[in-house]
Every structure is written in structure tokens, then in C-alpha cells.
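The structure under discussion is supplied below as C-alpha cells; questions concerning it will follow.
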């Protein structure tokens, strides 16, 4: 991932007349920079770095949490892709979850954020209502409720019947069951909505007014003003929601009671990883799974950042 | 004028109807909290209870194992408030560094920060636990709260993105004024990213509130247990679970989160427009 | 500037305050007194004890501890509890960090794993000295053995059976469950119920009941060494799971999608909703089921033939002592109190399974609720008809169990035939078990 949030201003700084002066200045800049990010660096070194290294090492071992790890080379990685159908299934389920769920959720969140970015007195109230589903998140109550909504006599099937669609057996069909998770994630779009809202608030009303004077309609305004000025926030939501979706654990765990059923239909990657780590005591294998995840999501994020150069507009860099 | 009013009526009807769909599951939960524990599942498809059982709230509030639910709320609040203050302060500081300053190794540290988001927590959990054990932090809220004071990648990245939407001319103006970088951060940038900070506060509050893994791992004594643990303890697969109380307390535990949301979302509403600075 | 600096200082202050709390933190049990060998009356002792379970269990366990602390004023017991799944999440890192509680509640599916990796103390020498086992039947105590060493004292025993609502059965046109029923009778009755539009049961937990079935035929799910399956004839697998599939087809058991949906939550079961007759499960789950059903219920023994060979008393849970504990004698004394003290057991009231001490069981019987008494009577009646338990499930068994569950699900969905499943299960299960040696 090569992403450098540099400010173009400093890049264009005039050459210093005197080398030692510039070195001093650079040193000073470096010190200031590190002073600001020092909490992260210290926290990372103290609490995260060593555990990460340990897990990388463990991924090349057979380790059951209690006995000493035994070095087995790349066996874990080989097994994952050649000898474990459940693993490949969890990859498939996770892909569906991410690549269907995230775009839906983002589109929904942006649409609602724009609707709620108005000056009606009711807006605070609506905003709270739309955010509510997101704050009951991973509780047991949600899992019970969600399973009842999708049961054979539940409201989802009743609604489908009204539209003339026959009952879908959400618990009997592994291809359908992942959509219980997708709908849950779309329903809980509140966090993305909030970030979009905060971003929309940063867009000056004058821009729109100027555009209105020019006679621009709603659609051109959206594409010419809203989207470009919101692009940094869109990038953020896209990346974070994608990473978050790949890591999703709680909904799958609570809705399938930790089993990922039916027939592995809700077995998200993180759930399978958790089962390997703590239910089956295959911590070595789980670590290998985690590092494959890191590699994949890392590359994907890197690509998103790369493409972002073409479409994200940063005001601090004077736009593009 | 009439068409304007019609437009607003339509707006409210649409937004209201969608809100109702969004809200249905929560209404279901609320209604379930008034049902008799045994009948919640048998009557899952009837919204309204046959008879109203308010005692779910009293038995739920009485809590688990002799500790009242109020104590769980207090314990959770302690963790959540400290964490939120810590994470907002540190993340904004770090984000400023990444967004506005140039220093050697910045892309590297940014990449490292993003990577910490991508490694599933399950595999670092045991080594981390051992570190906290060595520090003798077990059975305290420290392993949950202290790391928040070192920033959270999600919030840092969020704030970076917001800071970068602020025109750099402001910095230059401030720097010419002889303003130090820290002053630039505290006096110019911080006030400008208030909506984003409000978002951080809302998220952090809620995420710590619902966090189950941290408290389960690190808190041993029942008098330190949190709301998320308390809710789970109403249920047991081997004996009769107190579903009514669980639903009732789930509703109660929503209230602080809702309150925080309502307070901070105002910041988002007001946003940059009231600060008098034009983007 | 001042404001921000103030904020940061106060943040630092909060941090330092936080670390100030560290002093009274209790990793105490490990530090409290390393040399408590001669645990006399007044050396202060702090024990940590942990368990999983319900609200009611948390409450009475604390009362038992209070009672113990009153009698042993030098002992202080710090408790930790959590829901079942959280409990194991908590215990694993504690084991890795050498921070296990002195006394912990152990489950049969985890005990060999913890024992084989040296986390648990061998209690053989404590039994008979600190822990009085005079009133405990030998084949009950030995259920805590892993490789012939006692790693857990069983706290109570359970037995398998059919728990049902007689009135629902009558509705289905079945007058009673015959005394010595066998699998054929079961299928016959179940189909009759299915034909009447009433579910007979909600299928059977694959690992537990297949294991029982194998035992009636003289085999077991795992071999004695725990490195392979304990049966050679896949016909047994086909017969048993073929029967379960058959029951779904006959509508005597709900379809698999309903089973998936309602699994694990008693209140969601069809018997509670008035659509089913009964459930196959452990005797300690009867009280909760009866409460949820809220109608008179009864317990019936397992179907034969050769029920006596198949049936066994299984510990509902154990108390184990961590090998890292510095207070093993004191911990053992508390376990003794739990097992043998009548007053303590009047608080417990068999909630953790029927007490293993015959004396305690006798003393308790007159005080039991109607439902609890049914369980006690059933267990007492079954005890002479049972055979010794097979060794606790070996390492790797949790993975095998889940896999068997997956295959059962696939068979019930008719995605795979029992014959195919039998062969696949054998290959994969043996590989997992061998790999865990």
C-alpha cells in the first residue's frame, strides 16, 4: 500500500539556500511529525507489534494454545487452499457478503444521508430513528429478532408472499441464508450514514446556491458538487466498510449460534477463523488464515488507494 | 407555495414510512420486553403482548447474581467515557500529524496503521493477554481503556480524511501569524473538525458500550462486569432463560447510547456553518 | 493553547490515576501465600473460582461460598463467571498466560484437552484425603479420569432420556411409551405422531446419541486411545442416521431448516409451542424444559435393545484445580465441601446435576420440588441400569463433533446419502484425530 497523504504545499517549498539550515529544518519537521503521531507509534510498539509478530510465527506452526508450538513450515497455508473445503466455502460466503453488502449499504447510507441533510425540524428525530438499528448491533436480542423475522411465518416471507413470491427457506438454503446477514448489515447502515452526513455538512451551501443561479438541476449538482466534495469521505467509507465487512464476526456468530449454518451458509471468514482458533484449538491454522486475510485485504485496500488518486478531491491540495 | 408544502408532506410521508420499516424490529423488541418470558417465542409473530408484564423491567434491573443492572451500567459508563475521551484526543492529534505534517517514514507508518485494522483480533488476543498479564493489568479496565489513549486506526483515518478537506491556505495564514503546529492543531483544525469529532464520540461510545470480548477477557470480578456481559448472563442454554428481562434490559441499555447520539448529532447538524468559516 | 494543554494534562492525570488502581488488583491468589502447605486455620488464603451458567446458579454458588467463608474465616474466594461460550473464550488465554483460577468448572468436552496439556492438577491423591469420596460410587468418580488420572471431580451426574408431555402424546393417539421400548417401537410411535400432525421429537444431537447407539452395539464413537473412531462398520452409521432422516420424511421430526432455526434455545422448541411431544436430552435439562413447557411432563428411558450397554452416567460438569495453583489443598477442601456438605447442597439443590454423594442425595430428596424430584428419581432408577462411561472425548473431538453435525445436517437436507456420509466422515474424522495426537 503506497499512500502518502502529503500536502502539495510543502512539496513545492523553495530550495533552501543553505544545506545545514535545510537539514535542521528537516530534522525539526521530522521531530514535530513524530511528536504528533507518537501516541500511535508507542501504542503500536507496546501492544500490537509483538503480538502480530507472534501470530505470524504461529502461522507456520501447529499450536493448540497450551502445548509448545511445533514448526510445520507452510503446511497450514497449503492445507487452506488444497485440503479444506470448509475454508473455501467461508471465502465464498464472505465474498458474497462483502461485494453485495457493502455497495448496497453505502448507496443506502448516502441516499438517506442526503435526504436527512435538510433543514426540516423533524430531521434530528428522523436521524435518530435511522441510526437506532445501528446501536442495537450485536446484542442477543437482535439475533432472536432477526431469526424470527426470517422464519417461515416471519414478516419477510409474509411480505414476499404479498408480492406474489413464494416462501424462501432462509434457514434451509445456504445460498439464501447469507442474505440474512446482508440485510442485517444494510439495515445497520447508520455509521456510514453519519459519516456521510458529517461530510455533507462540510460542503458549503454557497456552492449549491451558485450552481442554482447557473440553473443547474439536482442531478448535475450531485455529480458536479456533492460527489467530488464528498469524495474523501466516500473513499473513507468505502475502504473502512470493505475492511469491516471482511472482518465481520458478530452477526454471523449470533444469528447462526456460532455454527455458521445452514450447511455453512453463514460461515463468514472470521467466524470460521474463530472456530478454528478457539473451538478446535487450531491456533496455528487460524493464524495462517488471519495472515492470508491481512494480505488480501491489504492488497485490495492498496488498489483502492491507488485508484483514489484519480477520483478523490482534497481541498487541502487545491483539488486536481 | 402550495407545491412547496405538498413537497414537504410527501417528504415526511416517504421518510416516515421508511423509518417505520427501519423501526419495526425495534418495536418488536420493545413489545417482546413486555411479554411473559415463556411466551416470547410462541407468540413471536404477534406484535402486541396478550398481557403486559412490566415486571420484566424490575427483575431485569435487579440484575444477575446479586449485582443490579445499574451497577453494570455504571461500570460500562466508566469504561466508555474514559475510552471515548482518550480515543478522541489521541486520534485527532495523530490524524493531524498524518494529514498536515511531512516527516520521514510517513507512508510507512500510515500503512502500518491501516494494517492493524486488517488482522483479525482472534490471533493477537492471546499474546496481548500475556502482555497485559505481565503488566499486572488483569481484572482491571486498563487493558480495555489504556490502548484507546494511543489512538484507534479507524478514527485516525476518519479524521485524516476530514482534515484533508480543509483548505491548506488556512494553515499558511496561521503559520505566517507565527502560530506553532500545536496551536494550529488546537486552535484552527480542532474546531473545524467538530462534526467529525462528534462522529468519533458517537461511534466510540457505542462500540465500547457493546464490546463484549474485552470485558469478558479482562474483567474477572462480578462487581466489574459490564452491560454487555450482564445482558448475556440472563441467558443459559441449560436452564430456563429470562428472556423477558433480557429484552427489557436491552431496551434500557439503548437509552444511554441514544442520549449520546442525540446530543452529539446536533454538532453534526450545526457543522461547519456556525463556525463562520467558509470551506 | 491553554485549553488543549489542559486537556492533555488531564488525560495524563487520568492515566496515572488509572495505574494507581493497580495496587489493589487481584492476581492476588497467585501472590497471596506461596507456602500454604500447612494450611492451618488462620493463614489467610485467597482462592479464585470460576464457572459458567445461569443467573440462578451465579446466585446460589455465591451463597455456598459465603457459607464456606463463614466456616473458614481465613479463606476468601473470588469468583468469576460468564455464559458458556464466553467462559471458554476467557479460560483459553488464562491458560496460555498461566493465570487459570484455582478452582474451575470443567466440561466433559474440554477436560482431556486441558488435562493432556498439563493445565490441570491430578487429584488422585486428594481423593480420599482432602476430598472425602466415601459416599461416591467408584464408576461415578472415575468419570473424572483422563488416562487413569483424576483431573476433575464430577459435581453431579446426568443421564440421557426422552422428556415428554403425556397429554400431547395422547393427542397423537399414543397411550404410553412401553417399558422396554426399542428403536423399532420408537419409529412406529414417532410415525404415528407424524401422521397425526404432531412432531414426536426434535431429532437427536448427532454426537451424543450416535455414541449411545454405538455403545448399545458394543462400540463407541472414539476408540480407547482417542486417535481414531471407535467403530469399524459403517452400516451402524447408515442405520442410525438413516433412521433420523426417515423420521423427518415421516414428519415425526421438523424439517432441518426448522431444526437449524430453533436449535439451542429451549423456548423455541416445538414442544414448548404445543406442536411436539418431547425432546431427547440430558436429565439436568429437564427442569428448564418443564418450566418452559409449563405442563406436566415425564421422563422415559432410552430405547433398546441393550440399553444397559449403551446407557451411562455422565458428569454434568467437573470441578478441576489448576496445576499452576499455589493453594491446591485449600482448593481441594472447598471441593470437598461442595460434594459432601448437606447444608451447602440444600442451596445447590441439584442444579448442577444429581449430587454424586449418596448421603447428600438422600438428605436432599425430601426437600426437592416436584420436577427436581422427577429428575432425581429418574437418575436413581437408571443408575443400576448403566455401564461405565467411555473415556472423555479426546483432543480434536470438538472438530469431529462439528463435522458430524454438518453431515447430519446434509443428510437431513437429503444432499448426501447416509452411506456417502459414513465413508466421508470416517476418513475425515480419523485424519483429525490422528493429527491431534
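So that you can tell them apart, the chains are marked A, B and C in the order they are listed, and the count of residues begins at 1 in each.
Criterion: a contact is a pair of C-beta atoms (placed from the backbone, for glycine too) under 8 Å apart; a residue touches a chain by one contact, two chains touch by 3 or more.
The structure displayed is predicted, hence computed values, not measured ones.
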Quiz item: When A-C is set beside B-C, which has more C-beta pairs in contact?
Solution: B-C
Quiz item: Taking each chain's centre as the mean of its CA atoms, which one is farthest from the centre of chain B?
Solution: C
Quiz item: At what distance in angstrom does the C-alpha mean of chain B lie from that of chain A?
Solution: 16
Practice problem: Determine the centre-to-centre distance between chain A and chain C, using the mean Cα coordinates as centres, and give it in whole Å. | Solution: 38
Practice problem: Return the distance between the CA-based centres of chain B and chain C, expressed in whole Å. | Solution: 36
Self-check item: Multi-chain contact residues (two or more partners), chain B
Solution: 41, 125-126, 149, 185, 212, 232, 235, 243
Self-check item: Per-residue overlap in chain C, given as positions that touch at least 2 other chains
Solution: 89, 92, 96, 264-265
Quiz item: By residue number and range, which residues of chain A touch two or more other chains?
Solution: 65, 144, 151, 278
Exercise. Spell out the part of chain A that touches chain C in their complex, as residue ranges.
Key: 64-67, 144, 147, 151-152, 169-173, 257-259, 261-264, 275, 278-282
Quiz item: In the complex of these two chains, what residues of chain A are touching chain B?
Solution: 1-10, 26, 29-30, 32-37, 39-44, 46-48, 50-52, 54-55, 58-59, 65, 112, 115-116, 118, 120, 122-124, 126-142, 144-146, 148-149, 151, 153-155, 187, 191, 194-195, 197-199, 201-206, 229, 232-233, 235-236, 239-240, 243, 246-247, 270, 273-274, 277-278, 283, 286-287, 289-291, 293-294, 297-298, 301, 314-318
Self-check item: Residues of chain B touching chain C in the complex
Solution: 37-38, 40-42, 64-66, 82, 85-86, 89, 125-126, 129-130, 133, 136-142, 145-146, 149, 182-183, 185-187, 190, 212-213, 216-217, 220-222, 229, 232-243
Practice problem: Spell out the residues on chain B that touch chain A in their complex, using ranges where they run on. | Solution: 8, 11-12, 15-16, 18-19, 22-26, 28-29, 32, 41, 44-45, 90, 93-94, 96-104, 106-107, 109-120, 122-128, 131, 147, 149-151, 154, 156-158, 160-168, 171-172, 181, 185, 195-196, 198-199, 202-203, 206, 210, 212, 228, 231-232, 235, 243, 246-247, 250, 253-254, 257-258, 261-262, 265-266, 268-273, 278-279
Quiz item: Considering the complex alone, what residue numbers of chain C touch chain A?
Solution: 85, 88-89, 92, 95-96, 113-114, 117-119, 255-258, 260-261, 263-265, 395-396, 398-399, 402, 405-406, 409-410, 413, 415, 436
